[in-house]
Amino acid sequence: MTAALETHGLVKRFGGLVATNDVSLSVGKGARHALIGPNGAGKTTLINLLTGVLAPTSGRIVVGGKDVTGLTAHQRARRGIARTFQINQLFPDMTPLETVVLAHAAAHGRAGTFWQPASRERASVERAGELLSRFGLADVMSRRVSSLPYGKQRLLEIAVAIAADPQVLLLDEPAAGVPEDERHEILSIVESLPADVTVVLIEHDMDLVFSFAGRITVLVGGAVFTEGSVAEIAANPDVRRVYLGEG
Amino acid sequence: MTIIFDGIAYGMLLFILACGLALTLGLMNFINLAHGAFAMAGGYVLVVLTQRAGVPFLACLPLAFLVTALIGALLERTLYQHLYGRSHLDQVLFSVGIIFMAITAVQYVMGSSQQIVRLPDWLQGRVEIAGIGMGVYRLFTIAICAVVAIALQVGLVRTRFGSQLRAAVDDPTVARGLGINVSLVFAVTFAVGSGLAGLGGALGAELLGLDPVFPLRYMIYFLVVVAVGGTTTITGPLLAALILGIADVLGKYYVPQLGAFIIYTLMVLILLWRPNGLFSRAVAR
Amino acid sequence: PAAMAQDTVKIGMIQPMTGPFASTGIEAVAGAKQYMADHGDTVAGKKIELVVKDDAGSANDTRRIAQELVVNDHANVLMGFGLTPLAFAAAPIATQAKVPMVVTAAATSSVVEKSPFIVRTSFATPTAAATMGKWAADNGIKTAVTLVSDYAPGKDAQDWFAKAFTDGGGKVAEQLTVPLQNPDFAPFLQRVADAKPDALFVFVPSGVGAPFMKQFRERGLADQGIKLIGTGDVVDDQILNNMGDAALGLISAHHYTAAHPSEMNKAFVAAFKTANGGMRPNFMAVGAYDGMALVYQALEKTGGDTDGTKLVDAMKGMKWESPRGPIMIDPDTREIVQNIYINKVERQDDGELYNVEQDTVENVKDPAKAK
Amino acid sequence: MADLLVVENLSAGYGKAVAIERIGFSLKAGGALALLGRNGVGKTTLLNTLIGVTTFKGGRITLDGADVTPLSPERRARAGIGWVPQERNIFASLTVEENLTAIARPGPWDVARVYQMFPRLRERRSNMGNQLSGGEQQMLALGRALMINPKLLLLDEPLEGLAPVIVDELLAALRRIVVEEAMTAIIVEQKARKILPFTDHALILERGTVSFAGPSAQLLEEPGALEARLGVERA
Amino acid sequence: MSAPSRAADQSSGAIPADGGVLAHTLSRPPLPLAAEIAIWIVAVGAFFVVPDRALLLNEIAILGLFAMSLDLVLGYAGIVSLGHAAFFGAGAYVAGMLAVNGYATPLPGLLAAGLAAALIGFLSSFLILRGSDLTRLMITLGVALILLEIANRFDDWTGGADGLYGVAMDPVLGLFEFDLYGHTAYFYSLSVLFLCVLVARLVIASPFGLSLRAIRGNRLRAAHLGIGTSRHLVAVYTLSAFMAGLAGALNAQTTQFVSLEVLDFHRSADVLLMLVLGGTGYLYGGLIGAVVFKVLQTLISDLTPQYWQFWIGLLLVVLVLVGRDRMSERLGALLPGRRRGVEGDPA
């Protein structure tokens, strides 16, 4: 089986700080992978490198067997990489409906369509309706995003990433700020994605991580600390010491 | 050499005219296109005081600063403060309105012709230092601008007041909620910015001339300096003003037929190279 | 009121009353009103109505306003036009509508050629510039540098000065053009200093004159023995007095000075000052004053007939005494023919600075049209 | 001892919309209150109304015996309210250290003490506010609130995005602060079970009004109480 | 309320599976159709009410088109420009120079001018992809000023500061002669404006239009959706330049004169003013702003030619202070159901 996502010796420096230190990862196709580690360990930075927000100082990134290191963010998105952001990145003046329709259309290469109204993009409109319903956003779908309560915005943030029908989905603390019951709802939607979709999850909520992930990578100080199955990580005393605590 | 000196003097003058804008636009993030109106006010204060009231020139400079600062504070409290949270476009619209009113008001009161500043004798003429001929008034301008630049850097940017100001701009609501008296911080900054404009206008009236359309005529120059210098420091605009001043003067000396091309082309090139100005802190995300 | 309209003659005056050229418009409107104050508002049984419109110096507006004045307001005469492009923009309207267009300000030579209905009462830049060039050559100046603003009248002035000056045996060492919106003359003046000519000929719009002259003094060019000469635009009467000693001694050629020693002018200046809060009339004011004079006299001649062609015909060859001296409209070119005075800035008894006449060149025609 | 904070009949919202209505409760000095409720019920609105950045619609807030209702946010902050907003709102163009010093007020909490509590912040002291990881921003927001040396701390989901070890340490530290320095804290949190053991009282909101007010222990002990009120179905 | 399925059952806000309702919700135009039709009726009707003001109407139509072109980049893509006159001026000069040199047929000239402006827009669009609002303000301004200098310098072709004299147009479509009253001019300009509005309407309702708004709202996220932000900006900037060029060409052809002033800073500033006055982001803002600004300017400057700017200035200040939104809400109450992209909060 080819890996859906690989990094080779990835390094990112911010001035003196090595935020990502020689990270070589391999995530299989269809994997449910979690990335954990203390605050400032470099998890978000790694996602930023994968999606093209940041350019690596050195190293390579391979997605679906193709080197994407030199590609821009939108080129990578067009290759099926979608992500959510730790801090919501939405379009404050648009509505949830417009946002999700656009997310779907753009991922399918129709963002440049200028000769017909967006409402004629049948596939996108239908998919948007489906997702908005599932995420409980149907009743607010034509309000301005900026007037939604934080939790709803959080849900939209995730819906947008899923609307792209991605091959690789990177979730950066999707559950932060979401009430407990809805956290599980979110992950159940994620779990119900087609089996060949690769998901990488960053989360500090261990209940979620342990119930969701197949394998877990622990980052500490920018470098891979250890990697293993859920059981291995949960039992690893070093991980308990640096990250999990006794709780 | 003289020509470089002239460039420095011109650059310094641009700086002092623009540094108030660097405060309001750069630090407060308020697009006050009417900045030139405050500069004009300073110029007219100088003209009225020296010519009608016979106040000595030197005393007029601090007065020009004070009077415009006062006008600035007054307008800030009554009008400008309502616009901080608003979009840049609203601010543009509003400040253009202020310019229109200022221009016509001055035209009404002072007439539309050029006002001419009369310098005291000791500021006229030239001196020769190390073989370089320098205008005394230009030397004087350079000195004052240097003092202002240092004072700003020390007094406003590096201090706790400076941090509070930037915090208030980043997020006024939260800044308030954390105990920063945002209104006061803004009012003081705005007043200082206006006062500096007034001082610049008073100093510059001699070289640039002074008439009611002053605010429009020189608006572009102020904006150029601030944009090229970057909006997060005071040294940025200073350097930008010097570069532009020297380049403009040198360019006009050596290739006069290029005229106004130089300053605009230079600006576009610099902004392409450093879109956020020469000195800008990296703004991630 | 149809009958009323028959009895009134509407003069549509378009001037820049706002914007950077406002001072031109304000002087001109005051000049026109002064004429009406002096001569009443009825001529040949007709009531004269002056309609003032602001074009803010924008050619688009000038054209539209001219068109509206003609079409909607049924203006019988168009007057004003502060700048050359503004006159150009309106010229086709005058032609199409057959309405006389009295240019009281714009000074580029070719303006009058743009329509057979244009008559000019201001001046053509070449007259002053060429006169200055000839005078300079005749008065011991061997080399000169020209410094002009970068726009059409500036280039006109530069070329005509240079032509007359070289024809008279002088040598132009260098020709400098400065951008219109130029705050600092230092680099140009430094070039002048390096070229060391006998004289510097300057032509800049009137508002820029003052800063220019100060910088000229500051740089010590006068002390180097460089004479400053120019056309009268630089030492515009409106602001001359405020220029202070920096202006003293400047020699200029122009068709009007507020210090023109005729009785008529003295009365004009006094009345104008009283009516306008002490503002001195300048050449813009006198241009408009004479524009009105021209219309009044033409109406008298046609007996109140407002037909455009008849009015223009009446204007051709008209001769009269203006505050600036004797003037005449050239019947062939519809261009003004007038005396050009060589003036020197001096302080007069009332403590104010004036352009004092030193020399007079009589009945100067525009050399550009002397083909 | 009198109550530190008394809230009576408080209503507030955004513009014309009303988000919380007639809320009343009081808090003793040195106690912690858990503020719970589903998404969008008005928890944030309540905290923001206490600091004064929403549209006030009626009621009264008394802090330490003084009526602070007419005061502006900055005066309230100076009267002793420290605030950790839900979205952190770190000042992006200030460094970590400037974020702390810009709003500092005299008292036992100073930069050194904040750094002691969050060593990570010391390491990143000269980073700009927008160059921090999510967790670091959260730490900074908390440290910043403490620099005001408040009597009352308003914490809007302060544990969100922090690593589990830190959460444990932080809760312990908060408890110590509250008890030892007689500071009072209102803590909003999605995971009720996490904070109920650390708080004395709990307030549950539903659609902008109080649906439960009582000792935290009651919610923890009474089986099904949380589930019924919050819909928390798992431990 | 049963907890686990809560998120799902909220969808009782019911979205029918066929998406028809959604499509309808999405396709709401910037203004209700009734209001749009009303605007055009007024536009045509104005001519018959005040036929002797056709010149002013013509100018308004041209400025309205110019402002609408700016709205495309400003209101939709969020790019502020203080140099939009560059394209207006380019269009005006190209149309004018063509006419002066004997190519005086209006429509081909118009098209050529638009294309020339579009080319300049395309080239300069690469300059405005990076940087802050201020940077873009200054770069656009710089480009316009440089063009102005070029036009001034090449006075053999452009007439320099004297203006381009001698523009004379053939009749439109060989049928309608340009008259002194501006009647042909107005209908000519109005038709071009109408066509441009149709195009703009389609473009902003398309996925491309949504993408622009997304880019304005959050460029980072837009890129992560797979939107090539630079390409979109280049495209819309070019389109906008094309329309601005058309406006400039109309100006040259209907007034039969071009001067440097078409490239002047004032022109860029005025158009921005008009657009912001009328409101950005709903296409008709520029048109309404142009009407308000020009009519007021004409009325007030007739009353007080020297001081009209004061009153306009006062108006701007008051307008901003009172709040454009509140003003336009009032107006909106007159035009039933006008919305700016989205509806407000439900009570």
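Side notes on the structure shown:
In order of appearance the chains are A, B, C, D and E, and numbering begins at 1 in each one.
Basically, contacts are C-beta pairs under 8 Å (C-beta built on N, C-alpha and C of every residue); 3 or more make two chains touch, one makes a residue touch a chain.
Please read all numbers here as calculations on a predicted model, not as lab measurements.
Taken together, chain B and chain C share the touching chains E. When C-beta pairs in contact are tallied for each pair of chains, A-E comes out on top. The most distant chain from chain B, with centres taken as the mean of CA atoms, is A.
If each chain is reduced to the centroid of its CA atoms, chain B and chain D end up 43 Å from each other. Centre to centre, using the average C-alpha position, chain B and chain E are separated by 32 Å. For the pair chain A and chain B, the distance between C-alpha centroids works out to 47 Å. Residues of chain A in contact with two or more other chains: 53, 147, 181-182, 184.
Residue positions of chain C with contacts to 2 or more other chains are 18-19, 22, 26, 150. In chain E, the residues that touch at least two other chains are 3-4, 6, 220, 306, 309, 345. Contact residues on chain C toward chain E in their complex (touch as defined above): 15, 17-19, 22, 25-26, 52-54, 57-60, 63-64, 67-68, 70-72, 84-85, 88-89, 91-93, 96-97, 108, 110, 114, 150-152. Those residues of chain E that touch chain A in the shared complex are 3-4, 6-8, 10-19, 22-27, 202-203, 205-211, 213-214, 216-218, 220-229, 231-232, 235, 341-346. Of all residues in chain C, those touching chain B in their complex are 18-20, 22-23, 26, 150, 176-179, 181-184, 186-188, 190-191, 206-211, 214-215, 217-220, 238-239, 242-244, 277, 279.
By the touch rule above, chain E contacts chain C in their complex via residues 52-53, 55-56, 59, 152, 155, 160-163, 165, 180-182, 251, 255-257, 259-262, 266, 301-302, 305-306, 308-309. Within the complex, the chain B residues that touch chain D are 160, 163-164, 166-167, 169-171, 173-182, 232, 281-285.
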